[in-house]
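In the two assemblies presented below, chain A is common to both, partnered first by chain B and then by chain C.
Take a look at the complex of A and B:
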């Protein structure tokens, strides 16, 4: 099958070789008008076959064939063909992406715990205004603005249309704005730096009329960031009646639970895989 | 002639109605109503409960004066959208425990068919000899009353706005939550292989989690794949830990070379309310002598929890999860009202249990999250 295809192509190219010559520019920038010079004489049908577009029109051989920029908006290999009374001739040429004009920017992940090395991955794809990937190296700036502290910029040269960088999350929680910039295009993204696991989880207890009110100290991670509200803290009390557990969410930085205990009890606290202190409360006298 | 035909039709109809009554057990019911033994009294009462004949059931009680009929109906028929309201008494079995001339105790095992499967309930019923028949002295229903009050609820809620179809390629979406299986243990049971363990939501947002496990043969090819289904708390709030259990009926550990675990997490909207305390947990035995983990659930929020499921993980002396069991509570959890629960623990597991962790799955009909 492949042999037959090669044979047919050879026959077609041989037929084309005997016709008028087309001389397109070796490289055309996407979206820009250009002309293809031709030899020979008489009327011919001109075809321009591109990756996403085909043009057909009548031309005069021996004159320059003008091609509008609208017909070469997609980068890639094009084939210009002119078919006159002497047969067909063709010439390939390449359309390359224009100047950088757009960015597709992926910032991963959208949430990241504080103080994690190489945890943030920023990847920018550089396109021209017709969404062709700009393959030539261009400079992409990643401007990083943490919630606290001075903003800074990392400059990266794109490689085959892609510019990327990795960086560590900062020790302070809060949103970090990352703006990828190339030429006039800028794409902002926000990444949320969140507190890490609780550190030094501590509880204290006080008796009420019918129960014991357990309350944590403000729950913070090892960098001093407040663990987000809604994080579950598990309280466990063991007394003569057995074990009592409450999974309570942190609210305004503190988790509270009311345990229906009347006698003495041992109370401990945990959040996820982090274990806090243990206290003993005496029975009501 | 016409009068004779009418009479014949009347007689045939009466005979057919009579046959229908006998066929439907009317004779037996009538016999039971005038119960000659304690068992007959219990059987008659439970038959009426099964048929939801509340008036007849109430009429058979020895202690009618102590019991409000509506309270009895609430207890047996369920209330507040509890699991019992979606249940039917499917069958029952009874056996005498002891009897004297005028008092007896009969044990009844009630099997309810419910929206989540079969639920068993064992009750010891006191039966009294009243006049010429035996009647059941039904335990006084304990209908919880919640006093009028205002319970402030200001827990967190997470709402999620995802990427829309009109967004450009590369526009950032919110990531799925980060969850981690912290332990996994393959347990051999007489009729199955069971995978038990725990999973934690390490993220700062709620997660919907599901775990699948695949048993692999010596050559690495899959033997069977199963999911955790309802033996897991699917909604995990930040840093919350849930036990899970995956059953592989009909397999044995000797057939298994390794197990492939797959935990999937989705970001979902959720609420941190309600908070349910699990109080007075202890390993105990039920009236049949089986090992159970007992306790009580206390809904510390203001909204009624209609259906609650208790999930319990059991640890050995090394802190390894050795078993996970569950049980549904057929009463609704009204605010601040303790509701007892008991979940089964296999005998061989109970002897090795050093610690346990109980989690409550909950469902509320009027939940706004």
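Take a look at the complex of A and C:
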């Protein structure tokens, strides 16, 4: 009889001593304190294992297990585990990013020719204050301020934490400021717009005692921006001795070269892929 | 002295088992040794082998992906998971240097540091990754992907397994190119409902 009673008690205790049940919230905002309710009784070891965090401490089962916000600053999947005398039980939950607070902003390229379609790429990553990617759609404004002309704004909804846009460069050279903003966060970047290829490249010639001095008109692109000093202009002369090419950099807006020509010659000019006019010197017009 | 030699090298007449039987015993031992060695080799190969990664870039944009880039992303993501699993199991932060950077590396370094403090560590048995690339920045500087990873996750306190789970886990991944490889910059576990 005593044996049967012992057996029944054992079965009853075993049934009561099922592993503790943990019930965390389905979703927690990063950095927020919360509690996990637990069933069962007695002491247990509580573990919280997340993407960047591992917590281990003693708890009393049957009571709410308080978790500080410090332990859930990284968004992602967490596992709450409790191990008591009767085994371990676990429950997963997700920590999601908080409100947008920071931006990581990339603007390419750093220098771009004027009036070029889709030449500027802007990509912004939206983070909360703990640098978790904010995955819900949020509005990101790209405010563009050219050197001349009115500023304008492009508004983009972020998708899975990323907002991006393409835009054409404006017609005038100089710095263009682009500020990406979300909530109170603003990230400025500056892109330098430079003159495009030369346009209407023209030369004139004047004869000296032993040579011909060739000089361009001020070299500008099709929008009227001065092509930067240092840009190479090539002068090519064809005379009775053959072909001679001289490269000269633009200085103070014009390029000059002295060609050792005594007889007549045909002279042409080019800069990059742009070909300018052709002139004839030496009495033949 | 002679007796010692006798006992060590018994004469033919003294030997119990026949040569054919000895051959069988020898072959059996050899086979057993070979089996054990092969198991060891398999374990080593398994530990060092790369997880299977399949990349689907059908819906990538706004920049199209080049074939070589797709190949490199797949290779480097597999390398990253191999290193991650080893780093978390062995608490070796140095293993993260080759394929992790930025927030992903910071988070994993912090986790390894806390694993060392608590004696808890994570073991992954990787069963493969279905990687879907959906964002490739116009300048080619960033790629965002969604990984459906099949894996067994074990949480151990010392040598005791306190949690074991075989599941499909989704990760939102941000990769950026370096000089000769793609780095994992962000690796965030996201719910199964994400991206649907």
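What to note about this one:
Here is the rule we use: the second predicted complex is superposed on the first by the 263 of 285 C-alpha atoms of A that agree within 3 Å, B and C clash if a C-alpha of one lies under 4 Å from a C-alpha of the other, contacts with A are read in each partner's own complex, and residues count from 1 in each chain.
Just so we're on the same page, a residue touches a chain if its C-beta (ideal position, glycine included) is under 8 Å from a C-beta of that chain, and two chains touch if they have at least 3 such contacts.
Please read these numbers as outputs of a predicted model, since none were measured by experiment.
Once the two complexes are overlaid on the shared chain, A:244 sits against chain B while remaining clear of chain C.
Of the two partner chains placed around the shared chain by superposition, chain C is the only one that A:55 touches, whereas chain B remains out of contact.
By the touch criterion defined above, A:76 reaches chain C but does not reach chain B.
When both complexes are overlaid on chain A, the residue A:157 reaches neither chain B nor chain C. Judged by the touch definition given at the top, the superposed model places A:121 against chain C, while chain B stays out of reach. Contacts of A:109 after superposition: both chain B and chain C are touched. In the superposition on chain A, A:260 makes contact with chain B only, not with chain C. When the shared chain is aligned, chain B comes close enough to touch A:231, but chain C does not. 106, 108-109, 125 are the residues of chain A that lie in the contact sets of both chain B and chain C, per the superposition on chain A.
Interface residues of chain C, counted against chain A in their complex, comprise 62, 103, 106-108, 110-111, 114-115, 117-120, 122, 134-135, 137-139, 141-142, 144, 155, 157, 162-163, 165, 169, 172, 174, 186-191, 194-195. On the chain A side of its complex with chain C, the touching residues are 45, 47, 49-56, 74-77, 79, 81, 83, 88, 90, 94, 106, 108-109, 118, 121, 123, 125, 131-133, 135, 159-162, 164, 166. Residues 104-111, 125, 187, 189, 194-195, 197-198, 228-234, 241-249, 251, 257-260, 271-273 of chain A are the ones touching chain B in the complex.
Across the complex, chain B meets chain A through its residues 154-156, 158, 168-170, 172-175, 182, 200-206, 237-241, 272, 275-282, 294-295, 298, 300, 338, 356-359.
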